[in-house]
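Each of the two complexes below includes subunit A, the first together with subunit B, the second together with subunit C.
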Partner chain A sequence: MKRIFVILSFLILLFYIWQIWKDYNRPYLVYQKEFKELLKQKGGGEAELDDVKFVVRQRWLEKLNRVDRCETCHLGVEDPRFVDAPQPYTTHPDADKHSFERFGCTVCHGGQGLATSVEDAHGPTEDWYKAISSDNFLENSCSKCHGDFIEQEAPVLAKGRTMFKEYGCRGCHNVQGLERVKVAPPLVKIGEKVKIDWLYRWLQNPQMYLPETKMPNFQLTKEEAADMTRFLIPRVRIKDPDNFEGGSYARGKRILSESRCVTCHSFEGKGGDIGPDLAKVSSKVYPEWLFEWIKNPQAMRPDTLMPAYGFSDQDIRDLVAFIVEEYIDLELEDDVIQQNIQFVESANVGRGKELIEKYGCTGCHEIEGVEDRGEIGLDLTAIGDSHISRMDFGMIEVSHEERTVPNWLYNKMKNPRLFKAGLKMPDFTFSDLEAEALTTYLMSRSKEVVPASYHLHLGERPSDYNPQGEFGEILDNYRCLVCHTINGRGGDLAPDISIEGSRVKEKWLKDFMKTPYAIRPILVERMPRLKISDSEVETLYSYFRTTLVDDRVEKLTGSVKEMSLKDPEVISLGKDLYYNKYACNACHQVNLKGGTIGPDLTSVGERLRTEWIVYYLSDPKAFLKRSIEPVYDFTEKELEALTAFLLSAKEKK
Partner chain B sequence: MIEKVKNIVFQNRFWKSVFRHGMPVNARLRSEAVMSNLFLHIHPVKIYKDSLLFRKTLGLGLISFYLFFILCITGILLMFYYIPHVQRAYQDMKDLEFAVSFGMILRNMHRWGAHSMVALVFLHMCRVFYTAGYRHPREFNWGVGVILFVCTLALSLTGYLLPWDQLAFWAITIVVNLIETMPIIGDDLRYLVVGGTLVGQNALIRFYVMHVMVLPLLVTMLIAVHFWRIRKDGGLARPE
Partner chain C sequence: MSKRILIILCSIFFTPALIWFSAQVVSGSDDDHTERSGFLLPQKHSTNLTREQLRGKELYQYYCALCHGRTGKGDGFNSFNMSVPPADHTDATVMSTLSDAQIHQVIKEGGSSLGRSPMMPPWGRVISDSEINTLVAYIRTLVTSGK
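Our next item is the complex of A and B:
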């Protein structure tokens, strides 16, 4: 008994000593000693060295309700001398914009700010919900303060946001504050549009027909694909495609190239990516449908990007004849098609409907006879706040360090049915970068609210410019805003026309709309030749001239009148400036002579208003920030001379 | 010389007002010394040699008492660091873990002490039961013991919520949902315990007050009664 007592007392003494040692020998001491050495090497003064005390350093961010002790080890974050020092002493690259006094560390980087050991601070650890964000997903925190539209500063996050919208994720997943929009074509009269055999092949593997499609691969079996096809197209059409009253192949070919369909559609790998690739389109759609579609695409699908060209019926017939003959799938064999059709005909309609309900097709498509059950997937409103214990890695062995929420999401994006067989989420065949972007966006979906004083919205909110009336109708009809931008809304394929009324002359615009050409010599001609009527051009111009103007240009009218632009002496001075002093011809052409970087300036006086030329020359970047024209700071005299010369530079016939 | 010092120390008014009798040199003075001391008089005047043997009681009751004592000391120290607020409570756990000197051993002593106390109190009851210690004349003390056991469990439960982590939150959610299933008073009792409909700030402060104030006071009082009754009922581990 006494012996046990002695042994126990001794053990307790050892325990006390161990506890005191443990309390003294904190894990951060190693780093602080090393930092002191490093500081000595970098030439830190006596006082500075004395300042490095062996203690826990923390920032208390009262407004963010955080305490960050990261600087206990990361001692050099604010010291520019440590730029090339190894971690954990490296200088923070962005310390001037995000001061630690105000932001700390964890609000952007994640991790456990309160911890003072590496494993606990960086994570993943069981008793903290968020491990430190790896660099790939770091941008997920930006939106807390900077809003959702940061394209410049957080491109990965912005890409993820766009992808989330475009791939129709919202169809199956609820996210508060985002509207549920059916992003894919309605399938209401799909039987009149596509061939049954095509739909069957498409459902099995959409990427096979159209590699860049956003339609995911549901990894359906042949039977499942046939059942779904059978449900979507209940009556098989027996109509022979040859019944379509065709037109002239040669004329169709000419119309296709004149109308510059290639601006949006690609044919055998060449062309734009706004519309789908049409290389094999005749194996997909019926000619009758194609005829109706080209005649008025917007009637069939109001949200299409395709303009209503205004072709005559004969034009369309020729076009269709050309397309049907030219763009066929050469690898497709007739007997295979017949086999497929027969297989689909014997499929089960009821099961097809069940499958369509099961996979939530109605999240993206409008489908007749199927009830939309709403979002069938997980609510993603606060997916970024998830605790790692909620993420089920299934039977896959994942090491402790890799058990993080972003890692789970990333792998889910890459292979949605990885963690469990029989899940419903389809495979979008995302690349690594795309999966990273989406993961970053998902991680940004958080319920954490930072105080209003921290908000600094970057980037531009999408413009709600939406003209009504006659002009709005024209704009809508020809889908001008797919390529052009007006007041912040629209595409970036073609020039911004927000102040077009101050820029171009009436006659030039009217001619251009009839026969568009490329103003820059090296550009491919892209503006489609629309069948736009004179009265419509009239409306366009009057809207441009009254609304899409800039007062800075309009107020120049007075001073332009006082310029002596017709004076031959002034013109020759301008010519001298153009060719010698400023060598404008290095970039611009006049009568096919000169560089090809800038727009052609032959007869520029017929295209641009004189006020605009003066305005643009005085500050090229005022209108277009990305303009690469040098800012020369011309004197009044030089401005006058150059303008006069440009107005005189007519086409030599 | 020694006599002189003795006189100075013992023969003054102060000493005599604290200890009213002289040196316990004979049996009478010894018993007087015990009788006039709050802490000693809980013990019996005489103890049978047999009952001091370790194998008679296994010391379970006293170990439980010592654990309670340790828990009080560590608990008071923890109260210097702990703030019962939903936004602070878990942070304070982290502070104890990472920043407070001896914080981790302090918290671990409190935690493991609490776990052991539940076990030892239970074992103590088993010992008493199997040695028939609950029979006449100790029925009342057995009753006090049972209440003490319930208080121990209550202390354990109320302390469980205080770290305010997921484990705590869900454990208490389950417990209060169990309370809800009680007939007639279930709903109201749950509302009373939680201070609302969800386990939140109100529940936290209620559990905290119970844990650091109400229950320890009750237990202290009951322990005094328990010990007092051991003496009055004829001493430790002795048959009638």
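Our next item is the complex of A and C:
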């Protein structure tokens, strides 16, 4: 009996000793000892070595309500000598903007700041679900302080944000503060637009027809696709498609190339990506619809990017004739088409409607006869805060360390029906990088609030520039802002025209609008010939000249007048500077001689106002931030001479 | 008395062991039904370049590649229009004769600052000194052969 008690008390003693030993021999002590060794090798002085105390080092970030003990092991983060040292001692790269004093570690990286063991700090562990963000998703934290418009500094996050909008995710998922916009074409009167067999094939796999489409694959069976097609196109078409009064193939071909449709549309892989590829379009749409569409696309779809060209009816008929004959799907066989149509005609309209309601097609499309029941998917307002227990991994076995919210989201993006068969979310066939970008954006959707003193909004809020009246109407009609930017709003395919009135001359602009050409020699001609009327060009120019100007250019008028720009001596000095001292011809051409990076400068005096030339030469980056022109520090005299030479550089005939 | 204590002790030691064992058996039988396929982990974006060199690469592709070429061979699309061909940054014999300071100077102050062609413009007012350092670091990685 006694012996049992002796053994027991001995065991208890051992247990206590073990506990005390465990407390003294914390895992971080190993790292601190190793760090001290490393510091000695790096030539740390006596005093510095004494400074390395074997303790838990913590930062209390009162305003962020965080306590970070990461530097207990990550001892070299602030020391530039540890750039090449292995983890956990490596120097933190680019730490100058985010001081450790103010930000600590976990506000950006995540993880458990209070923990002092590798597993607990990095996670995930049983009781701690927020593991540190993997490098792939790190940018999700940026928006906490830098707001929702951060662009260059967090490219992955910005890409995710754009994708979320463009792929119409908001149609099925609620996110507070984001407007629900139907991103896809309305399907009202779809029967007058597309052919039955095309819609049937499209629904089965949209990428078969248009590889770059944003429409996801719903993985429908043939029967389901047929039912949906039958509902969307209920009646068999009465009009005979061959009845369309055609035009001239040859003339249509010429109009298509003159109008530079290729700037936005690609044909068999060559061309722009603003509009859809048209290589097989005649297997999709009816010619009558195409006619109406080209005549006034904006009447059929107010949010289209396509400009309303000023074509005559005959022009359009010729264009349609050419498109219908040229852009057909050669692999499509007539008897297959007939079989498909017959299959669709025997399908079930009621089931088609049910399917359309089930899959939430109304999230992106407006559909006649189907009630939009709002978002059918999960609310994503605070998806980044989700607890891992809310994420259903289904029957897929995932090891403990890999069970994290971002990993779940990443897999959901890559394969939406992975965790359970028969889910509604369709397959967008995202690449790895796209899935990472979206996951990063989703992880940034969080309710965590940082104090206002930490806010530093980066990037630009979308501009609300929206001119009214006659000018606004022209801008809207020709969809100028799809390619050009004015005051921060618009596309980046074509030059920013925010101060065009200070830049170009009246006569040049009027000629250019009639017959546009490429100002840069290597660019293919992209500005469409819009068939714009004289009075519209007049309106454009008068708006440019009064509103889209820059005082820094306008104020130069006085000093330009004093320059002796016609003096042959000044001109020849300019020529010398142009060719010999500054070698402008490395990038610019005059009369087809010189480089092809910058615009052609032949007869540049007819295009640009003299004030603009002087202004631009003195600081090319003042207006065009992204210009790749080097900045020279020209003297007054050199400016005068170069301007004089440029004005004299006329076309040799 | 001692028997009772023994029984208590035994149950204290054996119960956890039993629980542990049965847990093993249960989780083991689970394995047979689950599948692992299809779950992907985000891949590390591997690169041989340091952060500094990567920044330099960005700048190089934006400002330099038009003449010096995307891979630094001096074959950018604009090189064919120039009377003096752009430097080939992959050529080890030429590049080894240039010090970092010289490359830095040519980028900052242009070719004419070292008595070379003014076709190489000065970038000092466009690209900062520290950015030029990243460019130099990247240009050093372009050397491929000893030709």
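The rule is simple: the second predicted complex is superposed on the first by the 649 of 653 C-alpha atoms of A that agree within 3 Å, B and C clash if a C-alpha of one lies under 4 Å from a C-alpha of the other, contacts with A are read in each partner's own complex, and residues count from 1 in each chain.
We take it that a residue touches a chain if its C-beta (ideal position, glycine included) is under 8 Å from a C-beta of that chain, and two chains touch if they have at least 3 such contacts.
Treat the numbers as computed from the prediction; the structure is a model and nothing was measured.
After superposition onto subunit A, partners subunit B and subunit C are found to sit side by side with no clash.
With both structures placed on the common chain, the touch criterion links A:135 to subunit C but leaves subunit B unconnected.
Of the two partner chains, subunit C is the only one touched by A:631; subunit B is not.
In the superposed pair of complexes, A:421 makes contact with neither subunit B nor subunit C.
Looking at the shared chain after the overlay, A:127 reaches subunit B, while subunit C stays out of its contact range.
For subunit A, the partner with contacts to more residues, out of subunit B and subunit C, is C.
Touch criterion not met for A:449: it reaches neither subunit B nor subunit C.
In the superposition on chain A, A:1 makes contact with both subunit B and subunit C. The minimum CA-CA separation between subunit B and subunit C in the overlaid arrangement is 8 Å, rounded to the whole angstrom.
Overlap of the subunit B and subunit C interfaces on subunit A comprises residues 1. Contact residues of subunit C toward subunit A in the complex are 1-2, 5, 31, 33-45, 51, 62-63, 66-67, 77-78, 81-82, 110, 112, 117-123, 125-126. Across the complex, subunit B is touched by residues 1, 19, 23, 56, 58, 65, 67, 69, 112, 114-117, 120, 127, 387 of subunit A. Interface of subunit A with subunit C (complex): residues 1, 4, 93-94, 134-137, 395-398, 402, 406-407, 410-411, 414-415, 418, 432, 435-436, 439, 522, 580-583, 586-587, 589, 594-597, 621, 628, 630-633.
Contacts from subunit B toward subunit A in the complex involve residues 54, 87, 91, 94-95, 97-99, 101-102, 105, 165-166.
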